[in-house]
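Read through the structures below before going on.
Each of the next two complexes has chain A plus one more chain, namely chain B in the first and chain C in the second.
Let's turn to the complex of A and B:
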């Protein structure tokens, strides 16, 4: 804390105090957020190992990325995961919001219950799902009751593993989406529903013709948030595949491949190039969303 | 989906009743879907190993052996302590730094303030994945891999918290500060005696969300806290599942241990979580 010295103007003192108060936060942001962005770009043009730079490569890391079948596999997996999870969790979140926005008993309790998975440890939830989806787990028991094949190892079979992660994350995240929609639903004035009632519109019709159009800003916001979140999927893929992206690379996501390149293969330059490409992609998605739909956060 | 929001009821009374029964049936089914995984892990955590793969709703020989094994043999006591240490220290740092910084950005005038605040917002846009390699390289150059200091250093202050505190201070009336100024109180004293006590609800939100965020975090501890003695609960759970995949009772016990504190916080202080969900959206 700078001590005030006699003769200093009040403004100068205020400015000094201001700088002092933001000094540590700004240093952290500069050192661990803003500088790393440039540093990542720098590292990405080198063959860079655990002891630092080895050789200048120009754009060779990026060219290698273009020809890397595994990287493209990760891109395909991530896009497929994103499409599936968004299609699954958005209607689920909206349905939950509609249910708990209605006049039901104990709705605060249900809101809390549906939201809770969103704030519980991803590692713990993944462990629980590994158990439930194991070959002698709960899901297979239930399938067995209906005479369905009941010995699938969901995370151990390359036909199902990625879809199982989709299911797990849709289950976890739909509560957050519910909250977003709930906020939007509560901002709809009740008189539009009264008008619909006067017109004797059915509930079904009122939902599609009144509620859905009014939720448009919320849809865009939810889509933007969930797509960007889904493109960064990592924890669950890492844990169910022991950090390998298996079986048969079916759960290898972009961030998991980036992590493997850096930490398992110690190819920092190559991993940094992957990070730059992912950032450029995420940034484009964000800009596109802002440009197309305006700033819908206000809703 | 025929469930409508809004207070207006349409249709005949009979149809309405059918609708309500359907609504509660749907609600019960969905609620079961949300509870069963947690319940199943809780039940399994008090089962014996052979019992754990049998389909029995209630354990045949209820036992706390899963918890004992998890906490002692498999070191989850240590991991829980590590989680508590880093979450507490990081939360404390975030409260202090976000409070001071948020106050300065909201109330003090200094040249370059708006430009600096833009940098705060810019750092919200930089994804962790881009930061992975350079930040790991920096932590490694400082010799801080596998130390709590390394992890705490990169988490000292998160831009969302600073942003949140600034917004809160902006929403407070200026009268009280003016009064303090007339009393000739210094800036720090005004902040400490007047502004901080008024910011109670905002601080509570930061405390709860930051603690929960660090307690649950997987990505950065996995990267920085590589040595087993420094693992946090989520890392311990992942590593245990890699090593002993089918030893379910201790794995479920560890999961319960990781989930329970957040559940308690949530039950007691729910409104702060919900308030924070909208802030979390700013991050994305």
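Let's turn to the complex of A and C:
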């Protein structure tokens, strides 16, 4: 009996130590993530103003969302943006990772250089891109050398504005993706490559049959992170369109519309409802991905 | 010793004022005469040019000298002004006195963020009749009719012309719409266009009014954009771009038309008094003239203004009012407008020489302001007029879409 009790208290002691270790991060998580999330859900059923609660509305905010033309335009833009940016930046990041994982000269320099755009402020990069892509900017100058039409205002034309943001974001974020893939590549044991070499597998075949499958957990992680990041796009669209989402609503994203509803219309409840819808969507996408990729990320 | 006792009395009065100030109604509040106000207050506004900041600091210093018991802490807001202000309002710690944009004003009034000033105006016999009347009206609550801000300065639009470019073409500054078109056909601007036009209702609407069009009916209960006069004016405005006589600033490699004039990419632009200091600071070598807006069927212009407002949550409303009545009084405004950076909103303060072209427009200028809940309509307006100017939709579609959005917003706001 005494021994059993000692064992139990030993276990309890260990558990307590464990909880003590996670207490600080968990309370930070609860205070700055969990609480605001739940509070946003609470706000979303009210007409909520700057000074707080005005009136209980039930699901009226959500019903209004259903036929809010601007919101659905924003949803469409955001989905299009996400699809394009993920398709563009994931292979780019993987390619960069493969390059700097190989034995090349000045490897450290290239690793740093490719990663650099990711640490620069997105506001600053966007401001520079406004100059580069303006009607008398660098890109048009270069196009002019090849005799192509050289007076496009890339951010001022609804055919190009969203794609221009895709391009600039794919470039900035590819460095981070490179880093994720690089870490995953280096955790692949060398013996599988040796085995492949002994079997005389070509480099192409080795990549598709060995590297890619072994990167599966990284794929899941990268896709989850980039999709979530892309669906939250805001600052570039805000800066490029001066908060209007223009031209012709082409850069109106969900979070930009949410920001507008809160800050300009002072409809915090309505904006919170948009936030809840966005969260529900993100959550579903992540669950779907987990299902799709199995539970291999645990291995 | 004596000053201390006085200060203590002042604090007591201020506390009393604050204690009575609940509910945002100043009707029954004890308002200390400005001379007796005391304590610390915070003044905020959006950041502006160093010259403008220096002037404001000078006016505030003059105020503190005249009202030595009040200490003003000037805290300009850098970055996004409404966002920063809303955070302060939510935290119940707003600045006591601050810049108020008329296009936020109605929403802020509706949310009870602002203190009505009528009680203070009445008790201190502050004469508001000296202001350009329609500017004061912009800051009256659309439901209660109370005054929530006093205009600190204003500007209508004018026509800025590049002297050299017009001289080369041998044209004098146009005076009417037709003359403008004719002049634009003669002017050659290397790497640019004769005219820069903003895809912005804050320009186009002036011409709509000139043509006899309107946005609302008189009591703002109905959207009246859908008229032949409005469409004719917008077709002319948009047509200048479609005919290649004008371009939007982004096509001229500029952030706004003022920049296009400065860079020599446009010979004619329509801007307000704010372009004068910008030209002086950034393009001191470009010679330009300021002319009245080209005229349509009837004289009309847009009035752009900002006010000083007081927070409903201010802890020292007597001192806040003392500051507002000084800043907006003849002495404060005289210093504030002394460098020509701003146009006085009071008729008893003379504008700087050369700015009469703006001041003369006072009677014909209509407020650039919309009712509460119109922020999303402004987004629609900006996007749709851009589309029309890019030739992606007809003026009829532009008017129809804006009318629909405005009508919906109007229905919601009542």
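Convention: the second predicted complex is superposed on the first by the 248 of 299 C-alpha atoms of A that agree within 3 Å, B and C clash if a C-alpha of one lies under 4 Å from a C-alpha of the other, contacts with A are read in each partner's own complex, and residues count from 1 in each chain.
The definition used in the following text is that a contact is a pair of C-beta atoms (placed from the backbone, for glycine too) under 8 Å apart; a residue touches a chain by one contact, two chains touch by 3 or more.
In this text, all values refer to a predicted model and were calculated from it rather than measured experimentally.
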{"item": "Touch count on chain A, higher of chain B and chain C", "value": "B"}
{"item": "Chain B versus chain C as contact partner of A:225, first or second or both or neither", "value": "first"}
{"item": "Partner chain(s) touched by A:153 [first = chain B, second = chain C, both, neither]", "value": "second"}
{"item": "Chain B versus chain C as contact partner of A:134, first or second or both or neither", "value": "both"}
{"item": "Touching partner for A:22 - first (chain B), second (chain C), both, neither", "value": "first"}
{"item": "Which of chain B and chain C A:67 touches, first, second, both or neither", "value": "neither"}
{"item": "Touching partner for A:263 - first (chain B), second (chain C), both, neither", "value": "both"}
{"item": "Which superposed partner A:249 touches (first chain B, second chain C, both, neither)", "value": "second"}
{"item": "A:119 touches, of chain B and chain C: first, second, both or neither?", "value": "first"}
{"item": "Common interface residues of chain A - those touching chain B in one complex and chain C in the other", "value": "50, 134, 136, 263"}
{"item": "Touch list for chain C against partner chain A, complex", "value": "80, 82-83, 86, 89-90, 107-108, 110-113, 191, 199, 248, 250-253, 373, 375-376, 378-380, 382-384, 386-387, 390, 392"}
{"item": "Residues on chain A engaged by chain B in the complex (per definition of touch)", "value": "1, 4, 11, 13-19, 21-22, 24-26, 28-37, 39-40, 43, 48, 50, 52, 95-96, 98-99, 101-104, 110, 112-132, 134, 136, 138, 141, 171, 175-176, 179-180, 183, 185, 188, 190, 193-194, 196-197, 200-204, 206-207, 211, 221, 224-225, 228-229, 232, 234-235, 238-239, 242-243, 254-255, 258-259, 262-263, 268, 271-272, 275-276, 278-279, 282-283, 286, 297"}
{"item": "Chain A contact footprint on chain B (complex, rising order)", "value": "1-8, 10-11, 19, 23-24, 26-27, 30-31, 33-38, 40-41, 44, 53, 55, 97-98, 100-101, 103-105, 108-111, 113, 116, 119-120, 122-123, 125-138, 140, 153-154, 156-157, 159, 162, 186-188, 191, 212, 215-216, 218-219, 222-223, 233-235, 237-238, 241-242, 245-246, 248, 251-252, 254-256, 258-259, 262-263, 266-267, 270, 273-274, 277-278, 280-282, 284"}
{"item": "Chain C-facing residues of chain A, complex", "value": "49-51, 70, 134-137, 151, 153, 155-158, 244-249, 260-261, 263-266"}
